[in-house]
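A, B, C and D are the chain letters, set down in written order, and residue numbers restart from 1 in every chain.
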Amino acid sequence: MTTRIGILTGGGDCPGLNAVIRGVVKAAVGRGWEVIGIEDGFDGFLHHHKCRPLGLEEVRGILPRGGTILGTSNRGNPFSFPIMREGKVELVDVSEEVRSRIDQLGLTALVVVGGDGSLKIAQEMMRRGVPIVGVPKTIDNDLLETDVTFGYNTALETATDALDKLHSTAESHHRVMVLEVMGRYAGWIALESGIAGGADVILIPEIPYDIDKVRESIIARCKRGRRFSVVVVAEGAYPSGGNRVVLEAAGGKSVVERLGGVGEALSRELGGVLEMDIRVTVLGHLQRGGSPSTFDRCIGSRFGVKAVELIESQSFGQMVCLKGRHITSVPIEDAVRSLNLIDPSGEMVRHAEALGIMLGR
Amino acid sequence: MTTRIGILTGGGDCPGLNAVIRGVVKAAVGRGWEVIGIEDGFDGFLHHHKCRPLGLEEVRGILPRGGTILGTSNRGNPFSFPIMREGKVELVDVSEEVRSRIDQLGLTALVVVGGDGSLKIAQEMMRRGVPIVGVPKTIDNDLLETDVTFGYNTALETATDALDKLHSTAESHHRVMVLEVMGRYAGWIALESGIAGGADVILIPEIPYDIDKVRESIIARCKRGRRFSVVVVAEGAYPSGGNRVVLEAAGGKSVVERLGGVGEALSRELGGVLEMDIRVTVLGHLQRGGSPSTFDRCIGSRFGVKAVELIESQSFGQMVCLKGRHITSVPIEDAVRSLNLIDPSGEMVRHAEALGIMLGR
Amino acid sequence: MTTRIGILTGGGDCPGLNAVIRGVVKAAVGRGWEVIGIEDGFDGFLHHHKCRPLGLEEVRGILPRGGTILGTSNRGNPFSFPIMREGKVELVDVSEEVRSRIDQLGLTALVVVGGDGSLKIAQEMMRRGVPIVGVPKTIDNDLLETDVTFGYNTALETATDALDKLHSTAESHHRVMVLEVMGRYAGWIALESGIAGGADVILIPEIPYDIDKVRESIIARCKRGRRFSVVVVAEGAYPSGGNRVVLEAAGGKSVVERLGGVGEALSRELGGVLEMDIRVTVLGHLQRGGSPSTFDRCIGSRFGVKAVELIESQSFGQMVCLKGRHITSVPIEDAVRSLNLIDPSGEMVRHAEALGIMLGR
Amino acid sequence: MTTRIGILTGGGDCPGLNAVIRGVVKAAVGRGWEVIGIEDGFDGFLHHHKCRPLGLEEVRGILPRGGTILGTSNRGNPFSFPIMREGKVELVDVSEEVRSRIDQLGLTALVVVGGDGSLKIAQEMMRRGVPIVGVPKTIDNDLLETDVTFGYNTALETATDALDKLHSTAESHHRVMVLEVMGRYAGWIALESGIAGGADVILIPEIPYDIDKVRESIIARCKRGRRFSVVVVAEGAYPSGGNRVVLEAAGGKSVVERLGGVGEALSRELGGVLEMDIRVTVLGHLQRGGSPSTFDRCIGSRFGVKAVELIESQSFGQMVCLKGRHITSVPIEDAVRSLNLIDPSGEMVRHAEALGIMLGR
């Protein structure tokens, strides 16, 4: 009887997901296995139960394409799933249902491709006896135990390209151009794209910013004859002594809300005093889209192959990861223990400051 | 005595301005002329009087670069220039000063590179006896008497690239993705990038939209199994029967204001009824930046050469323009007579609708 | 009885073909028509007779993709088609077969998307009573009666991007970098990408080059302290007094042959005397590939719609074309009368020389 | 007395060199040091002795630009430097001169940015008592002791983009498209871009290829209905039992020579038997040029800062390197011990084969 495995993608979409799916299918088919694609993450799995077999034909030509052919969802935690009972919504543990579905489908194992949230669910499922292998996915690069994962590199290219574009306007109009990028808890996108894009100021959640010092640094630049500044701010950045919670909300799910977020707030704080024009651009969803970069296609494809190798060796509960030049694995629980944040006194921050970048302090 | 000409760039920056400047300098130097670069448009000319000679060395390597090495400004109309008198601001006609400055600099002629606003000023200056040649510049493609001008093509590439990126998220998450692009009076960027980016709905200022019909078209797509939609909306678009004036304000100068603009408004109007998630992205200044496209570099360079040819033939009051394959010229006054708007019953709108795109009506 | 039309793509592939196919299908389906896709051009039509119905599902997601989903071929002229008879190949007129096939398929009309070659065949077919509408396709921009067509703009972007890349190496190593681009008879790609890419020398088929003058101009640059030069050469360029025929061969079909083509020849001619290192890059097929630019997607889509409109109005024998801002049509025979070549004493050449570019004379 | 350091870039140019130069200058100026830029590598240093001070003004705006503002050279080994004596060239050890020049300039230390060749020279210089810090630079990723270095990531993007472009032509014309990429000894570019670009066959120097098996795999694809194949070949790849030496020559310095290189040879070997059309594209210098990717700008900038930190701590003879997430350093001698080649039985090759890619064996 042939081995049959399942795969689902959860959480926000991310360039490279299709590379992972293709990698899993190619490696599995090469072993004579069958692959079942589960649509729209755990949410879809629980709601409309949509699944379909994935063969070589289904993954043809998807490598350069962004998003995920399986669909995904930010909703659908099987351990607190919203169910209507007597006219009101209750959060119910339906994980048993997930397990029975997996048994019905005759799945030897399930590959869960997702970020912190999906992997925590996967970890919990493991405990309930579902054989799972995890593949890390995060735009924000905030996952522990892997040097980096797919999606992040493509997001960086988009952010740096935006900074290159804003530079010409900043310089031509002698303005302060503010770019708000993703990163609710970890400022990696802001920091790396800011270094690469030649930003003058970078504000990240790990370093609450002192608005007066930010202002002074911009004025100091003017006095040195640099009549413009480019500021990158992570959506989760907040002023020292500022109310984090409020900004949590501002950095919330809907872009429409987020538009009233940190970029705009910062521009108001600066605008009060500076005589220069200030313009804000919120990069938003552009960071999630587009064809994956070479790095993300390559890592994604190899993560997919590695996930199949882990299933073959019965290494369940493991998450694929990248360490230096090697693709290996770690227990999922180690990866979801906490978030991979920037060390305010660490190497990369020190380098950024040595490059003359103002980090809000 | 050698011929000496001046050049200034006015209004919002735009990819290809440096190509024009370089073209003017190369063609002028080739004739043994001198070129004086006037910094920060009419505003800079009147305020800090900053000028500098431009030779081959000054324009080296600027062809692929966005923005303008001369700087620009949206302010500074010499016919109503803000002056402080007895503690309050008065709008004064200082055009005489501009003319005397031009005489002092010994300029045979002035090349004004700008959009509707700057060209109107140029036209008025002409009447006062300043020998001027105009070069059209507009991201929005809303200038009459030229098939198209530089900057627009690059802006289109940026908008289409954004649509390609949003498509993967729209499809993966089954969402409505709204992209707000530039175009306060003319919807060219929205219409052409929407056609190129495979948008499902395109809303332009020339066709007030019926929100109910927009909603129905999105729902109809869902019923056909297309559980996502991509909507492009020009910043100047407004609902039929809606108060245009309000949206004028929303589409106003500061991005921070504009963030509360048409994209967000549209998302609220749709969100009330649709069950799908909606996300808004405001492309904003990204449309002005970046390295110019081949087309814009080529047209910009040739416009610069043509401007010098016009000065050589004493064809003052003329604006360089593109007609089919030819670069020629027209009287500035013809170009600023009114705006180049999309004909709601014209060819391009008909083609868009034939492609199955919903145009809000 | 429903109208049924056919569509085929002929000649070398080109970015935007899928946009045309999609445009034809969307506009035809919108009229309740059926569309039959003929695979691999006339060659496929005559050989394996592969056809398939094209509906909205078949054209989904193809807009941003290069190439043609129908396949294409440089072979297969029905008026001199290679047939094996008694062990040797004869060229036979099989056009009658094409016509009968079209009747069998019940096609009201055939849309032929192709360049000079395919359109000449189409024109001849018309004469034999096959109702045909043409859509112009050429990377080289060498077709008459249309300002430009799809594919060319994308090829220009690829060539200009290559020039930007070669510039950094040229300048860092003080080298002469030669880029060979497409254009066997017409030098449009070389001229426009050269202007946009800041080339120092541009050699096109329309202006036989004087190698001594080319050499002198490079040496003169060195003496002015510019220790590098960037040269763009069209594959069909040849030295004045040089044997054109030989270069025809060099510019022949197989890239392997073309590698020994004009770029290499030029480098040898220059290398003899110059003390600078010379490097040649042959852009080759990279110019045909990739996602179409906004312009090409837009024009391609609209050409497709226009082709359907022409069929609807029974305007057979017409070719879709672009004139200024308008999409209209002309008799196919006018378009294939001769080639659209660069006028050596024309406007664009004059502008290039005014920009300080050396054109080989 | 202020500390004064020197910096030179050697070997082939590479995206990210300017980021390193800028990083060194910013970090040094931040410490109140002076920086002297040495032009055109060791060759320039020995020939025209061109040096210039580098301050913040000199490095402004160079971060996004390819190449090196200092110029570079593949020539100029001070230990066997070509000198004319009595009409013939002798190779002389002039390293003493380099040292005295460094003393004259009052340099505390010299930062050498280069690949295997330049770093070997640096290492030898160290032995002669010149205080040197190395920064690794290689397009080919063939340096030991660093996970990766700048330039390689940008080259990968260029190669993958080329593969995306060739795919559409391969598929539309049912052809075999061969792409020859850099990599004379190490096949990293071919392998990683091939994985990312969905190549069907990848040939690298580390695995001599069996032409019969390559042919069979392409034919097998045809029989599976995939009537095209995309082949990536590293310039140093060679057939099993083939004469490596010959291919060394073919992979030699001048592109004109290399055009008759492995890509063409492979196409001849395949062409003999296959009935499909084959086309070769040689990517050549396009891989060296262009604006550096985010990764390369970021790593390059940080390497520059780290080099200054190494000088500050008197850690001479060390080379900056990347290990996992950290930027650290290793003795130069360890890095130039041998080359970083692909392990034919290693992880990445195994992953590629699991993805269904044919590796020539």
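The rule is simple: a contact is a pair of C-beta atoms (placed from the backbone, for glycine too) under 8 Å apart; a residue touches a chain by one contact, two chains touch by 3 or more.
Keep in mind that what you see is a predicted model, and the values were worked out from it rather than measured.
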item	value
Relative to subunit A, chain with the most remote C-alpha centre	C
Distance from subunit C to subunit B - Cα centre to Cα centre, in angstrom	31
Whole-Å gap separating subunit A and subunit B, where each centre is the average of the chain's CA atoms	35
Gap in Å, rounded to a whole number, between the CA centres of subunit C and subunit A	42
Contacts with 2+ other chains: residues of subunit B	164
Interchain contacts (touch definition) - all pairs	A-B, A-D, B-C, C-D
Subunit D-facing residues of subunit A, complex	22-23, 26-27, 30, 63-64, 147-148, 153, 156-157, 159-160, 164, 192-193, 195-198, 291, 293-295, 297-298, 301-302, 305-306, 308, 323-327, 347-348, 351, 354-356
Complex interface listing, subunit B residues touching subunit A	12-13, 15, 17, 40, 65-68, 71-74, 158, 161-162, 164-169, 171-174, 177, 254-256, 259-260, 264, 267-268, 278-282, 284-286, 288-290
